[in-house]
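Before we start, here is the structure in question, set down as structure tokens.
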Amino acid sequence: MPLVKPVEYEHASPEVKAVFDDIMATRKVAAINNFWKVLAHDPPTLLRTWHEVRDVMKPGALDALTKEMIYVAVSATNNCEYCTYSHTAAARKAGMSDAMLAEVLAVTGLANKTNRLANGYRVEVDAVFVPKD
Amino acid sequence: MPLVKPVEYEHASPEVKAVFDDIMATRKVAAINNFWKVLAHDPPTLLRTWHEVRDVMKPGALDALTKEMIYVAVSATNNCEYCTYSHTAAARKAGMSDAMLAEVLAVTGLANKTNRLANGYRVEVDAVFVPKD
Amino acid sequence: MPLVKPVEYEHASPEVKAVFDDIMATRKVAAINNFWKVLAHDPPTLLRTWHEVRDVMKPGALDALTKEMIYVAVSATNNCEYCTYSHTAAARKAGMSDAMLAEVLAVTGLANKTNRLANGYRVEVDAVFVPKD
Amino acid sequence: MPLVKPVEYEHASPEVKAVFDDIMATRKVAAINNFWKVLAHDPPTLLRTWHEVRDVMKPGALDALTKEMIYVAVSATNNCEYCTYSHTAAARKAGMSDAMLAEVLAVTGLANKTNRLANGYRVEVDAVFVPKD
Amino acid sequence: MPLVKPVEYEHASPEVKAVFDDIMATRKVAAINNFWKVLAHDPPTLLRTWHEVRDVMKPGALDALTKEMIYVAVSATNNCEYCTYSHTAAARKAGMSDAMLAEVLAVTGLANKTNRLANGYRVEVDAVFVPKD
Amino acid sequence: MPLVKPVEYEHASPEVKAVFDDIMATRKVAAINNFWKVLAHDPPTLLRTWHEVRDVMKPGALDALTKEMIYVAVSATNNCEYCTYSHTAAARKAGMSDAMLAEVLAVTGLANKTNRLANGYRVEVDAVFVPKD
């Protein structure tokens, strides 16, 4: 059980209902996920987080699939079970194949390894990597 | 200063020199970075890590640029200064613009936030996200 | 199942019983939680950790509620399920409302985001923030 | 050097200048910190992050000082040098004494320890901590 | 359920079967664990990771037990449930007693605490700890 | 500069001086490191942390060298620069060779990688790894 009781659509305030409606319309889905139902206990956080997800994850300089794969890589690094499942599902919907998922996680694993080798040995940053003033 | 003294090419053993030569040939560069010079103190780790970087980061189901951007996202999450600088440089070489970097870090920041909202509230995974047996 | 079998009060050594008694007396509760039952396999760690929890978490320059909310923020950041549940319960007992929990987690999410923006962009610390010698 | 060149006020676009003006007016300060100057390369992230910091960190169910101390605890946990310095400075401005900082970090250290004891031993959550449906 | 369906021995390709056979022969066991069955969806990662585990974890300058205990300490720090269970089992097989496990986790907890005290206070590294050029 | 000014021996209170004297006597050294000088601003944390370090790190079921190497592995995982330098120095004093350091960091890197592969794929724990009730 989560720390607060999820808010179902039929019991939501008009303010929360409006966010739920926007989520379903934007994503063309007919149901609201647990993450948003739980955030609904705190309407300003629900509104702010939904707007951020909607605006940051839409296609821009990067396409939506690339963004979802980056989300999976970060969520696997932080061990967020909820976000790993939900953003893998979103990435698959956007076109991620099993082979692409395998490469996302192979890069994630490798980066987590070399991050610790570089930090553990305290390797100095090569001057060539640092932007010039 | 790193925990062990970097091994310069001219003082390297033939085994290490062969790895250094492969790095420079594969990447078409004329110098070896500090990361590899430090790993050279442990030739099996140098060889294994170089082969993994070479094979995992080459184009496959994902192109090289997408892989480098995932590497940057993980390195920023873990706060690896060395890897953030070096893989941002690699991603730029592979075509990452300032606008793309901005989106990589915006997604990384957002994922780090929602990872903690989901974990902090202990949100339950929706059944719809979990693969069927 | 945990990695070692929890020690129940009736099977505890006198040394462990004394710690269990102090926990129940200090907290005015009639039962021992799983965390302490598991630590009881290692009496020096049980004793040291209980004394630290008792002394660090008691009111001082900060009140007990503020301390419990900081504990929740750190536990959500590290994804400790046990500590998130147990310290949220402790914070509620000390007076935390749903609205306060919502703000604890909103700050925690925001800090996790800006931590990665600052680390990811490698922003330099402003001189004005650094204490003078 | 950061990954992108900080944007100084005099070279900022009108859109960025408006955010900078709001930051200085809200905080009653005469200069912009490096964090915002770097984010200015990505105006949507600058605007969104500033609005989130402004709204989440203002007094609500929790006072501003408590929020800044939670920010310091999370930043120390994640090892964000920039945020540790900047939010300690903000917390001091809001009234945090040396004794209060000491307690923030003592709780942070303790939570990081018990998080790993609970996760490492895989302690099961006591039923009493979990909210009822 | 994992994100991809585990590959059972009888349905594995010859390439994957060869890795499974080597795992069972090297470890003198009659079954394959879920970790390898899941990685089998990505044969290059299966092969690379198995070779790395086999070569890094075998006795060298450190004995196998010490290596398994380091693995447990890292896995508890990162909250990897799978790796904490599997490497505790491996460490017990290699001779780790309950008393040794208790000390592994006591050191892990302490290090996680002092890591945050040192990072949180931004303690400067003593010159005496840094290797001379 | 750290967040609080380090306390030098000659300006320390008798209570702090007693801890400093115990540190120097126990370790047979003639100077106090920055970590303890900074903690001296908070005498209860100084005293508690020193006693924990002294008691947890002394030989027990594990020898002192093994404990220091576990400390290095955790500190590299968390990216604590101070602790990585100071505990590598302590481990070397206790007998750690370059080859042993290389294996500590190779295991640390590998564990950080497989932790993310297991968490990222959401691999289910094999029943055989879980202790029976």
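Which chain is which? They are A, B, C, D, E and F, in the order written, and residues in each are numbered from 1.
Throughout what follows, a residue touches a chain if its C-beta (ideal position, glycine included) is under 8 Å from a C-beta of that chain, and two chains touch if they have at least 3 such contacts.
What you are looking at is a predicted structure, and each value in this text was computed from that prediction instead of being measured.
Listing every chain that touches chain A and chain F alike gives B, C, D, E.
Greatest centre-to-centre distance from chain E is found for D, with centres as Cα means.
Judged by shared residue numbers over all numbers used at their interface, chain B and chain D contact each other through mostly different positions, with under half in common. Of all chains, B has its CA centroid at the greatest distance from the CA centroid of chain C. Averaging C-alpha coordinates per chain places the centre of chain A 27 Å away from that of chain C. Chain D and chain E have CA centres that are 34 Å apart. Across the assembly, chain E contributes residues 1-4, 44-45, 49, 52, 77-81, 84-85, 88, 99, 102, 105-106, 108-110, 112-117, 119-122, 130 that each touch 2 or more other chains.
Chain-to-chain contact here is organised exhaustively, every possible pair of chains being in touch.
Within the complex formed with chain E, the chain B residues making contact are 1-5, 44, 48, 51-52, 55, 130-133.
Chain A meets chain E in the complex at residues 79, 84-85, 88, 98-99, 101-102, 105-106, 109.
Contacts from chain F toward chain D in the complex involve residues 3-4, 41-42, 44-45, 49, 78-80. Chain contact summary for the complex, chain D toward chain C: residues 1-4, 31, 33-35, 38-39, 45, 49, 52-53, 56-57, 60-62, 66-67, 69-71, 73-75, 77-78, 80-83, 85-89, 97, 99-100, 102-104, 106-108, 110-126, 128-130. Note for the complex: chain C touches chain B at residues 72, 76-77, 79, 81, 84-85, 105, 108-110, 112-117, 119-122.
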